[in-house]
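Two complexes are shown next, each including chain A; its partner changes from chain B in the first to chain C in the second.
Presenting the complex of A and B:
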């Protein structure tokens, strides 16, 4: 299959990446602006999230309601989200609607109204989400893990902290949007039935004369303790573990993600087989890979009953400790087969491809073809994964439990 | 776009439906067997779910582990699930693997080992899931709604009841599988890069000589009360509402789903605009359509804080009561645009299409082309939706609250 990947840089620094998938009827577009929660000033944790929410409450000539209605009238499946690094505005639609929809996104980015009278409702919505999270102990356990494992501001909760959110003013929002919703570091990705040259021309017309401002670097604080218990009165206990692994842009991330997939990446993984299938200790158990540009973490999770929590943690730690030196060609073969199958099927979704090429550019500063990605998997072998594990065995684990009783970390793994 | 839809019936009654999507590299296949939880005998609620779980623990010549490993080695993204009506086994894969994968599914259906020594772990996993649901109040509110709104066995929880699951024996499982995992009523759906004639031949070879047995009809019991409060000590309150609407196979379901989409089907819906955006009462609020073959329900949900719960319920009921006589062409236009866009984009996913054609056959006994589906939306107009609402306005609502305090149902809607 011939693949048509494109990239371009506007004069103000905005990066455009695209993939033409001519067999599709749809197109997916996403605007990733570097207005993520790592820029939340101390004491206003949640500001990026409130700002992202406010950007949709009217922009250009459209008020809050008109904006949403115009996107929906064009049949756009749209979404808005804020991560630690980016505020993202995206939409998937039947391809012919793209020319009418791009100016709406340009208004959201450049001319959000940020009306003061909408702030109480926007803030209230963020607070309601936070209240809902109180009822979601799995989410709370992972958030607590992140908060102590990652140095501030990386570990702070993107969704905010209630007391901080309550204090956010319209000046905070306008200041944040003015500083961070800007061309420098912005990535616009598009995939599907597109005419690339026409797309670049349209985005350049809409965003090309938007002046870049320089942004301040983010200072990094200390990390938290390695072991932490969150008291929670429930029959269930939630366990979350993390340790550091190479970020995506590091070549060794390929070996790291394969090792984590063998550990807990699916129904034939060791966690699943040993903890869920054989011992019936829990319903959900997993290990995964979470990467930022400059660092990455292995993150493991299990939700289980209070009585089985200690055994579950013991077995998770034992399986992590047992990983180096025991990778079999069969289990690596399954991981490779699943990953390659996933890559091939990803080519069938404009939204998945728009997301993938934006991530690649952010992490690597370039795009990889499907052929290159598949070839990387062909090269991946047991010796490589074992070599990486010997070099960087899991260590310095952060362990969080959320439940009735603290757990004992009986650990063969160096801490 | 020319669409190639196919159907066939094997001599033992198994229905095959398929769609060729030659631009895709993938194929998705699903086996829907009529072994759903409505067949759980009284006192063994959860048996269908335990049986579905046991079917994957070895089949034919493969033990539990080998079965999963062989699916994963072929890069199959597989899943197994039990609903009130069906046990479904499905997988998406790169098309060339289909011939090797079909015999594995045939073994799961016809020759599950159902080993006694795996039962404790399988049962334990189902129990762990139930314990996890205790920590998920939104799920509990919807389950409580279903249980009182739908007559038994339709309202019983597919995921089971702990005391019942603990008592399930291997004889229960083997009896259930023998009675219900059978050709009569089975639908096999496939979509993607397929050769239809070859697919029919292969499935006929694998399943065609499987003798059909007759299955007993399901008796229907009484429904529960209309208003119910579940005490739950939390800052959050969860509200769930239901009333009866026409099932999918009824032509009027088209008007009903449009009316529900206007009420609470997305970010420009009335619930979203009035309750979430304008009043900031909650983070999540929705109205949706849930259909069985012979009946269907409108189901509304909101999760909010205890203090705002009464106002949230009041506004939800007011919006439901206000629906007849107030549909605007603009809001119907947006619903149509989104639905048509969704239909077009669905053509790009083999898994979505395999699911859609199986559902169509189950509900209608035939397949609709994309052109027919789009044309139905073109015909949909305000007069039709208002006509249906005038005929069948929302009434006899079932109202469930889960939280600290019971709510008052101050209702302009006839009960």
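Presenting the complex of A and C:
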């Protein structure tokens, strides 16, 4: 398949990446600003999230309501979200609406009103979300894992901490937006039925004269304990495990993701087969790969009733320990087949492609074609995956349980 | 996007919406059976059976099924609702034959005793999982309170007791009666080779014996909640209250169902709606939504609210006020058009994904023996008028006495 991938850099450093998918009627655009939660100052955990919410509460000549109504009148399926590294504003729409919609996003980025009278509502919205998370045991288990496994600020909850959110002032928000919602490090991605040259011209007109400011480096603190239990009154106990693996931009990430997919990435994976299909221990069990630019983690999860949680953890640890030296060509073949069809099917979604090319640029500083991606999977072999596992076997596992009783980590894996 | 249809002599319908530009093929079996087709003794059987279908056929063990799907690089899953059980796989076009072959064989599962007992444990874990998370059973209790003895009052998962008590022989009998060619549809979307699909269907499904399927338990559309009033589920550890209430709305044969959907976007969409601006934007509610759901013989407007337990009464009142204002003052044209644009955009963007189209095309055919293209669906949205929406507001009052359930820590009234 001939792919139409593009990239450009504006004079202030904003990166534009795009892919033309001429068979689609839609276009998806996303503005990823380096205003993520790793920049939350100590004591104001949740500031990036409150700031992201505040940016939608009026921008340019539009108040909060007019902003949303104008996006929705154009049929834009919009979203706003904050990750540890970025604040992202995105929208998917029928392609003809894009020229009218870009100026609205430019206002959100460059001219957010950040009105003081909207701050209590924005703060309250973030607090409501935190209360909702309190009731979501699986989310809490993974958040607790991240908190102790990753050094601060990477492990801090992007959603915030209630006591910190309550203390956030309008000056905090305005200061954060001024420092971090800026062109340096911003990636704008677009995919779908696009005219690339026209897109670049329009974005340059809207954002090209936005001066860049330098951003402070992020300091890194210590990590937490390796084993942790969160008491929670529930029928099920939730188990979350993590260990370090190479980040996406490291060549070995391919071997790492393949090994993790064999462990817990699909219905024929070892976790699913051994824990759910053979033993009936749980409904959900998985292993996956979560990457930042400079580090990545293997993350495993299962939720099961309290009295069966110890056996579930024991089997999960046994399967992790059994992984090196036992990869079969059939298993790797299945992982490659799944990855290849997943990559190919991305071409049917403008939003999926806009997300994928933005991530590629962030991690690699360049775009890979679909053919290059597929070729990387073709090159994967058992010797390579086993070689990586021999070099970097799972070790130093972080283990979190959330439920009535703590679990015993009876672990043959070095920790 | 051409639509193609062929009926096998045993009654199995084979349908496809083909697209030259698609890079994937989605295939699925749509079985006209769900929780509404169960008796008390069979409560939860449709969903449990959906799990058992993945445990293998007499010739293919369950782990081989999983391996074969992964060999194809298939994205595969299934779901069970009140009225349907759907199995689907999305693959690259060159895998169509293999995918159809496997899914079709799975429709005649082995239902082995030992698999049944193991999978029972998984179902019980699934029940516990949902019971531990919001809305803590409020949605299911509310459905039971609204529908009362109507077959739609039954939850899809069943209960721990109904699952524990279910014998495998009852499931085998249920499968024989409900998975008959006349009550199943083989559907495909995307890059489909239709002649090959029909050929596969004839080879794999042609010998399925026609069975006179039991009539679906279709009742008179309930116009009012069977058990109006508010019930409570106490979860001392919950951080928020989760309220759900239901009133009647148009069913899937009522032309006003489209206007009902548009009305739910105006009133209770996840952004830009009256509930959003009235409760969510201010941070008073974690969620406030109104959705319209339609079934063969019934429809409901479902309102969902999550908020601090101390605020649940006040916010429930406020939502009632928002509904009353809509009923008395109507919907201004600009607000109506905005909702119409949102719906139209969803039709177009959703139409780009073969998987999404598989569900739409398969369910339309399964329920109504009707095909509607993306263009047809777009026209339906464009033809909704403000008068239609106002008629729905009058015919199906949202402030009617509702069946309501609140789950939470218990500090509310």
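As a convention for this text, the second predicted complex is superposed on the first by the 415 of 415 C-alpha atoms of A that agree within 3 Å, B and C clash if a C-alpha of one lies under 4 Å from a C-alpha of the other, contacts with A are read in each partner's own complex, and residues count from 1 in each chain.
The rule we apply is simple: a residue touches a chain if its C-beta (ideal position, glycine included) is under 8 Å from a C-beta of that chain, and two chains touch if they have at least 3 such contacts.
All values reported here derive from a predicted model rather than from experimental measurement.
In this superposed model built on chain A, chain B and chain C take up the same space, so to speak, and clash. Of the two partner chains, neither chain B nor chain C is touched by A:91.
Of the two partner chains placed by the overlay, chain B and chain C both lie in contact with A:125. After overlaying the two complexes on the shared chain, residue contacts for A:347 are found with chain B and with chain C alike. Once chain A of one complex is fitted onto chain A of the other, the partner contacts of A:75 extend to both chain B and chain C. In the superposed pair of complexes, A:236 makes contact with chain B and with chain C alike. Shared-chain residue A:65: touches chain B and chain C both.
Shared-chain residue A:34: touches no atom of chain B or chain C. Residues 1, 23-26, 64-65, 68-69, 72-78, 92-94, 120-125, 128-129, 131-132, 134-138, 234-236, 266-268, 273, 276-284, 303-305, 330, 333-334, 337-338, 340-342, 344-345, 347-350 of chain A lie in contact with chain B in one complex and with chain C in the other. Chain A meets chain C in the complex at residues 1, 23-26, 64-65, 68-69, 72-78, 92-94, 120-129, 131-132, 134-138, 232-236, 266-268, 272-273, 276-284, 303-305, 330, 333-335, 337-342, 344-345, 347-350.
Chain C contributes residues 21-24, 54-55, 62-63, 66-67, 69-76, 90-92, 95, 118-122, 124-126, 128-129, 131-134, 236-240, 271-272, 277, 280-287, 306-308, 337-338, 341-342, 344-346, 348-349, 351-354 to its touches with chain A in the complex.
Chain B contributes residues 1, 23-26, 57, 64-65, 68-69, 72-78, 92-94, 120-125, 128-129, 131-132, 134-138, 234-236, 266-268, 273, 276-284, 303-305, 330, 333-334, 337-338, 340-342, 344-345, 347-350 to its touches with chain A in the complex.
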